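Below is one structure. I have some questions about it.
Letters A, B and C mark the chains in the order given here, with residues in each chain numbered from 1 onward.
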Amino acid sequence: MAEPILEIRDLQKSFGALKATDGVSLTLMPGEIHALIGPNGAGKSTLIHQISGTFRPDSGTIRFLGQDISGLDMAARARLGLGRSFQISSLAQEFSALRNVMLAVQAQQGSSFRFFRPVMSDRSLTGPAMAMLERVGLAARAHLPAAELSHGERRQLEIAIALALGSKAFLFDEPMAGMGPEGSKALTRFLDGLRKQAPILLVEHDMDAVFALADRISVLVYGRVIATGSVDEIRNDPEVRRAYLGEAA
Amino acid sequence: MTKAPFMTRETVVNTILALLLLGFPLAAQTMGEPFYITLATRIAILALAAVGLNIALGLGGLVSFGHAAFFGIGGYAAGILATHAFDGVPLLAGIPGTASMLVIWLVALIVCGLVALPIGAISLRTTGVYFIMITLAFAQMIYYFAVSWPAYGGEDGLSIYVRNEFPGVNTAQPLPYFLICYALLMAALGLFWLLRGSRFGAALQAARQNATRLAAVGIAPFNIRLVAFIISAMVTGVAGALFADLNKFVSPSMLSWHMSGELIVLIILGGKGRLFGPVAGAMLYVLIEYALGGITERWQFFLGLILLGVVLFARGGLLGLLAGKARHG
Amino acid sequence: MSIALLIEQLLNGLQLGVMLFLMAAGLTLIFGVMGLINLAHGSLYMVGAFACAAVAAATGSFWIGLVASLVAAAAAGAIVEVTVIRRLYDRDHLDQVLATFALILIFSEGTRWLFGSFPLYLDIPPLLQGAVPLPGGGQYQLYRLAIIGVGIVVAVGLYLLISRTRLGMRIRAGESDREMIAALGVDIRTLYTVVFALGAALAGLAGAMVGALQSVQVGMGEPALILAFVVIVIGGIGSIKGALLGAILVGVVDTMGRFLLPKALALMIPAAQAGPIGAALASMLIYIVMALILAFRPSGLFAAQS
């Protein structure tokens, strides 16, 4: 069996009396889309934040490409190849879409301590950045400030940024949120192809997308993983139906 | 890629401002009004100090309320080195003083960079209001040190008896000295322009707009901000050295919190983050000071009212009015 | 160095701390509830001092002056809040810094206009003029002890106000969730004005009490303001408890540093050098303490919000 790209073991995180993450373990295997579902407040975003390094877990380990990254900050994890999109899109609002992606290209190429050469005429930045925008279908909007993009376009831009980083695993936090049905379908097709490039840990409320994409699904309730399995296993798991679908109904 | 027009409106405004600042003292020279040359020199030096602050504040969004520390340190570098050269007493360990501006600027650059490193490293662990207050507090620490350290005049300050020297230029004359200051201002504006367009500038501006985004692409905002803070302090320090030479005097007032506030005011009056914002701001500020000061002793009262009006109603400053909204590529 | 002298200096430190607490409590409350950084807080301190000195001179009574200082500072605070500050809550900190910096210019020059450039003097009221014997010999000014007492009363009063009253409940709610209390039907505009005026009154009270120890002059507020900033940075912005402990820490460290550092240095180097070097180091001491605390706890000792 192949080594997991990302391996989370017994993660714990409390906010005061609230146990937001209660002993979560899960793995992300090469080439798979692993969906993380659960009712609101189950701790999905908290988990993503701990994996990406926004905040530290109280205990437990996170291994990425065989290396323990629990002690690294967000920037260091990103440099190792952990790309993420945010639940609430997080962009440099005044910069154009192109410049947002260029920032990722620049980071991927190495040092940002270059003080003189203008970036806008630097083909080694604009070229790859434009290519990424084309891949997500945003090329026509490249020169608009991020603040002027639609909600769905910002999601696409976040994904273009993660692509530009050459990430070895993606963490996508509700990439479909706020997208129309057409946008969701297009994004679903896109993510389907993306898994060949790098595995995806996908937090998503859009169940059509989850069932269409996921190789495995983990169900998170009250900070615990109550089940992990294939789409069919999860659909038929009585505990999931009770805890998750029961609540959602 | 869309091609920008040959000259944007902002470029036109900037060019006019640069020519105005150069032409004014030249005209004053031909009319035999050296006072106005000194006024223009003051504008150029304050603008230079504010260009320095604009790197941290305008590009990086770091509201340093303590840049007077670097302005004053630059001033004391000039004052202390000149005094030792004048008295012929070595500084320490046998190192002599100097009256050479080039050496003084180099010392101002180095010392400001060395002081900015720990101040920045501690202050940048925080953000927002904490950062504002901590930079203010550190500047105040240096201020009180200068006040209570008697060796270089303490509270009374330190006089520079003869303006320091620059090879091939008679610095004692107002116009040549203005031209030195003007040239340094233009060089600093060039540096600002290069920085803003560079990879470093992209990261720095992204750190202002969204530090989380910057970290998520793998660039640590702290390192970028710290380097920007240090560069910013060094530019402001050179301005301080020039200011001391202009007045032939340096005192703790150059280090005061009021001075820090003034530098921020210059940037906001002119237009935050704009290339020529500090120049427009310094021109406006010195002119207000001169015009109001001629009418009433209480000109700061009216300066306060004007400033309040700008903050509340005219966001974007003078360049915002003249050249429209700031553009980002 | 006698024990009495040491106790006297400790009490002086405590008195400075109490004065800083009155300043810092208002600043931290205003930041905690409204998210506003107010540089003009020092001007309100000055307004209190001038009101007290002017009214005391006119009526011959320090006590009427003290009441006047509270009223004048609270009124100035309320007027400024309604005309200017209110427009700044939604702005970034840079705009707040600039607008309140402009207010300092207006207050300072306005005060010079009204009272001239010469300092006013304020006498300690006859009731508090005596001294109190200290253990180990020596005497301590009754007035300074009274300031410490006022500080304790204000600290307890603020604690009760915030933990036990409806206004306090609203203040606490305002700190955690502005939209929520607006939704609950609390008139948030009035609440903000009241909080601002309360903070102003505390600053005015501090100014009036200190006015009898120093001269009353334009610019007296800024050193107090900057020390108060150090206090709330150390204590944690938004925390009254942090403001109290931070103020006492700063007051005592500053006073004892100025007292002890030159003496300690004199044991190591010649006295002629020890004096000025010690004084210079002592003037930097609290900032070094602040830096050390921040190096380990970037959001202060008792940060209200994380």
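The rule is short, and it goes like this: a residue touches a chain if its C-beta (ideal position, glycine included) is under 8 Å from a C-beta of that chain, and two chains touch if they have at least 3 such contacts.
Just so it is clear, the structure is predicted and the values come from calculations on it, not from any experiment.
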- [ ] Chain touch graph shape: choose line, ring, star, complete or other and state it.
- [x] line
- [ ] Report the most central chain, judged by the distance from each chain's C-alpha mean to the global C-alpha mean.
- [x] B
Task: Chain centre separation in whole Å, for subunit C relative to subunit A (CA means) - done: 48
Open item on the list: Centroid of subunit B to centroid of subunit C, CA atoms only: how many Å?
Closed with: 31
Task: CA centroid of subunit A to CA centroid of subunit B, Å - done: 43
Open item on the list: Going by the contact rule set out above, which residues of subunit B touch subunit C in the complex?
Closed with: 57, 63, 65, 122, 125-126, 128-130, 132-134, 136-138, 140-141, 144-145, 147-151, 257, 261, 264-265, 268, 272, 298, 300-301, 303-305, 307-308, 311-312, 315
Open item on the list: Considering only the defined contacts, which subunit B positions touch subunit A in the complex?
Closed with: 1-2, 194-195, 197-203, 205-206, 209-210, 212-221, 224, 227, 328-329
Task: In the complex with subunit B, residue positions of subunit A that touch it - done: 52-54, 73-76, 78-79, 84, 86, 90-96, 99-100, 102-104, 106-108, 111-120, 125-126, 143, 145, 161, 165
Open item on the list: Touching residues of subunit C toward subunit B in the complex: what are they?
Closed with: 31, 37, 39, 84, 87, 93-95, 97-99, 101-106, 108-110, 112-113, 222, 226, 229-230, 232-233, 237, 276, 279-280, 283-284, 287-288, 290-291, 294-295, 298-300
